[in-house]
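After the structure tokens below, expect a handful of questions from me.
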Amino acid sequence: ADAGRLVVRCPDRPGIVAVLSRLLADVGANITDSQQHSSDPTGGTFTLRLEFVLADLAERRRQLEGALDLLARQWQMTWRLTEAAHRPTVAIFVSRTDHVLQELIYRVRAGDLRADITAVVSNHPDLEPVARTAGIPFHHVPVTPGTKEQAEARALEIVGDADLVVLARYMQIVSADFCGRFPERLINIHHSFLPAFVGANPYQAAHDRGVKLIGATAHYVTPELDAGPIIEQEVARVDHRATVEDMRRVGRYVERQVLAQAVTWHVEDRVIVEGDRTIVFA
Amino acid sequence: ADAGRLVVRCPDRPGIVAVLSRLLADVGANITDSQQHSSDPTGGTFTLRLEFVLADLAERRRQLEGALDLLARQWQMTWRLTEAAHRPTVAIFVSRTDHVLQELIYRVRAGDLRADITAVVSNHPDLEPVARTAGIPFHHVPVTPGTKEQAEARALEIVGDADLVVLARYMQIVSADFCGRFPERLINIHHSFLPAFVGANPYQAAHDRGVKLIGATAHYVTPELDAGPIIEQEVARVDHRATVEDMRRVGRYVERQVLAQAVTWHVEDRVIVEGDRTIVFA
Amino acid sequence: ADAGRLVVRCPDRPGIVAVLSRLLADVGANITDSQQHSSDPTGGTFTLRLEFVLADLAERRRQLEGALDLLARQWQMTWRLTEAAHRPTVAIFVSRTDHVLQELIYRVRAGDLRADITAVVSNHPDLEPVARTAGIPFHHVPVTPGTKEQAEARALEIVGDADLVVLARYMQIVSADFCGRFPERLINIHHSFLPAFVGANPYQAAHDRGVKLIGATAHYVTPELDAGPIIEQEVARVDHRATVEDMRRVGRYVERQVLAQAVTWHVEDRVIVEGDRTIVFA
Amino acid sequence: ADAGRLVVRCPDRPGIVAVLSRLLADVGANITDSQQHSSDPTGGTFTLRLEFVLADLAERRRQLEGALDLLARQWQMTWRLTEAAHRPTVAIFVSRTDHVLQELIYRVRAGDLRADITAVVSNHPDLEPVARTAGIPFHHVPVTPGTKEQAEARALEIVGDADLVVLARYMQIVSADFCGRFPERLINIHHSFLPAFVGANPYQAAHDRGVKLIGATAHYVTPELDAGPIIEQEVARVDHRATVEDMRRVGRYVERQVLAQAVTWHVEDRVIVEGDRTIVFA
């Protein structure tokens, strides 16, 4: 039997779970996991994520889609159906530091992150060897204040129809237009526990403030800097001995963990944006 | 509307979620949370925990129970229906240390643990003032090698029909008979990360072994010592400076957290025993 | 033998450790713990904290003080000598929530926090029973916009010469003058991971921002709101299901842990303020 | 100025710190970090680790060594003096899984682990490409029950005079003789929270026991299986959904973190074996 995932969203009212589970039972699917969330018990939005197994899912997909379309009209429902065998494509933007890129490459190869990295894009040539060793096309797209627009245009060409774009310590601010091309599928890692230390040089700011924990935040990118919906955050302890450089070093291990986790959840359809926040069916 | 919980278990086969969610929809209940687990996708046991809201739950309980009985026969299903307003009763056994008892008392009073502590039983008189201050009847039931049987008989009388019995650092081994009276509703806190350091004096053993983390484990009690299904575990870091006494002190804060969490989950019907393990719908 | 602590600070230059350890050796003290920190290897400030045992410390204290005064002039050194047997006095300010106060009371009684709570001051009468049960004088000092100055004057009288003042979820902003009375000995618990969510209602703000971890911060109070040197921080994980009320509930356990830890370190002379940051010899 | 480290051990008696810090001051060294531990305040063993900076350390090393030899006799003291610039050599033993090896390679290249990996030895050929990509000689030394002795002899030749040997998920039990060649410089990563789940297949055992946290332990290897002094441990949370395979996957990230941390501390002279336990000056 093939594994599939179904994510639906609709206004919350009694009966929706019964209807959807009946539909899956009728086609012979067995639900293996189910998670749901209601933004508000009265008048909110209902979100449901189902995992199921169904023989010949690829062939019977159209039948299922037809039934879901019907329900979508009746229940004002949006839905997304994914075959677990599908491997989404990911384009990764980096600058000069490789720790997050290395981690994503490792997790893909280890089978822990089911996706294909189709391109590495960078405003610096430094990480070409890392990409090349992993057999991933590397694209050097320099960015200067005067050429930013062209650079983004070039980057868009390279990214093509990738399912997901990841800013893996890409030290450039992308334009609102660029963000708009990848709604809810452009993920950034910010090297602080947001909303603390928005913007540049957060480890210096964290050191100056004398915090006892440093953090990292993976979030969807929106036009407002470091303000998009948060997917995952983690922290690590530091003490008074930690210099800014020590914080950077410790932080690297937090950053790679947080971004890899966020990307993994995203490609498994576990993250749903709801306003400024995310639902994560971990 | 009133809040209710339904936990069902049955052999795993397609359609059970559809049937149960239809039943709840038909009586007008809105499912507010749903978690499920299958011990094995093929031929295993399916467990489902639903939270729902339903107007006049108390009055319509019988109707719901009748329908569930019907399904129970069709699906070889066991079920438990609870009104969230119900406050289970808890009897707590202690010896001389009060940290776990204090924590349970605090959480009940803070409203974080929805239960009523109906008795504190101890083989020592030391904690009577703690119980009295909290307005809980205290029962001193001394235990000596020769009087253990009578002591347990006396304890059983005191416990009566309490919904849950908690051994909150009760430094006595209870008999297999006693365990048998409280299947899946007798919880102990062991002051180690089980299965490491079974038995007496685990902090001394942890110190001798030179571990870098100490732990605590809340588990259901079965006749075999420290071997019952684990509900919750947590650890805390220690270093080479920690004496056995330091470990005891640090451990107290882990123990109280772990046991309070386990008891809270239990009284919210979130813990289901499956063989030697537990499902925890946290 | 009696236990003592010595904390010294001076400009960093070679030899200071040799001189101080020689001094202690000469009086017959055995150093049982030693921690040091240099703000900058070249031209920074050196901080040293020693624990030692010395027979008849109380009687020989004057001798030791004389020798330290001599060194202080030679090395531009400040120092603080404490007998471990000394129990500092603490005044605690609260409003209506008792979780942090209860924790401090518990830790004092358990012997984990070696201090004496000499007064509980509150702008509300609610927690009088908590203080009374613990045998601590309770002082109701209402605060209104018009009477703030008088209220602080009254509070100062009550506090008297307490060694430490703790704001244990005291929902009032204290004046710059009040802060000035307790330099480096006025500790507040803020219910967020500072510098995120400065000011009122941080759990609401954390919820709106959709953070995945909530935190608490214990810091010395300075005239600028929530900007004083941080002593300790901790976080707890929350997910999309957590309401603001859930965050408050989870947060209570983080707050009590963080503040109790900070106060414990403070009374053991483990916290040294260095500019906007703290050295914590944990 | 050059950075150096000095670790000394001797019977604990007053004056040793004074003497050593005087020695360093006299040669013009500035102590930048100092940590100490006494196994027992009366009659125990005293351990001191100093970091210092000293101009022309390499040239003045002999002078320092002479002075230390003198003190060693007076104080029954053992000592180890290291120039921070020195990069220890490490031989790594693996079998088929690469996650820990990859992590060590990454940390060396990132500069977080100051050591040189001089050989990768394996009983399987699988990881040759990983070693080759990193520019490290790979040695395939098959092990069968009948050839174990010869295999170890061959391995010893390869290791040569490496400063440290690391068993990075090497699925073979090494002989007592092999252990004896590398006293306190043979480190293993065991994939459980020791002493729970000694021996083979700990994730299966952890799953069967139903633990809620899985762990990993880095320890010095001694002839008794999984019983050597523990250097570092860490855990990760799992729930009832985790299969044995899930635990293995989660565990990989704990294992690599724990072993990398232990190796880093070891090469920085931060780990001192004391009986069955370790002192870790982290």
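For reference, chains read A, B, C and D in written order, and residue numbers begin at 1 within each chain.
The rule we apply is simple: contacts are C-beta pairs under 8 Å (C-beta built on N, C-alpha and C of every residue); 3 or more make two chains touch, one makes a residue touch a chain.
Keep in mind that what you see is a predicted model, and the values were worked out from it rather than measured.
J.: Tell me which chains count as touching both chain A and chain B.
T.: Expected: C, D.
J.: Tell me which has more C-beta contacts between its two chains, B-D or B-C.
T.: B-D
J.: Could you classify the chain A-chain C contact as same or different, where same means more than half of all interface residue numbers appear on both copies?
T.: same
J.: Distance-wise, how many Å sit between the C-alpha centres of chain B and chain C, to the nearest whole number?
T.: Chain B and chain C have C-alpha centres separated by 37 Å.
J.: For chain B and chain D, what's the span in angstrom between their mean Cα positions?
T.: Roughly 41 Å separates the two chain centres.
J.: Where in chain B do residues touch two or more of the other chains?
T.: Expected reply: 33, 241.
J.: What part of chain A is in contact with chain C in the complex they form?
T.: 37, 193-197, 208-213, 215, 229-235, 239-241, 274, 276-280, 282
J.: Would you mind writing out the residues of chain D in touch with chain A in their complex?
T.: Answer in residue numbers: 33, 99, 102, 106, 110, 112, 133, 241, 249, 252-253, 257.
J.: Would you mind writing out the residues of chain B in touch with chain A in their complex?
T.: It comes out as residues 12-15, 17-18, 21-22, 24-25, 28-36, 38, 41, 53.
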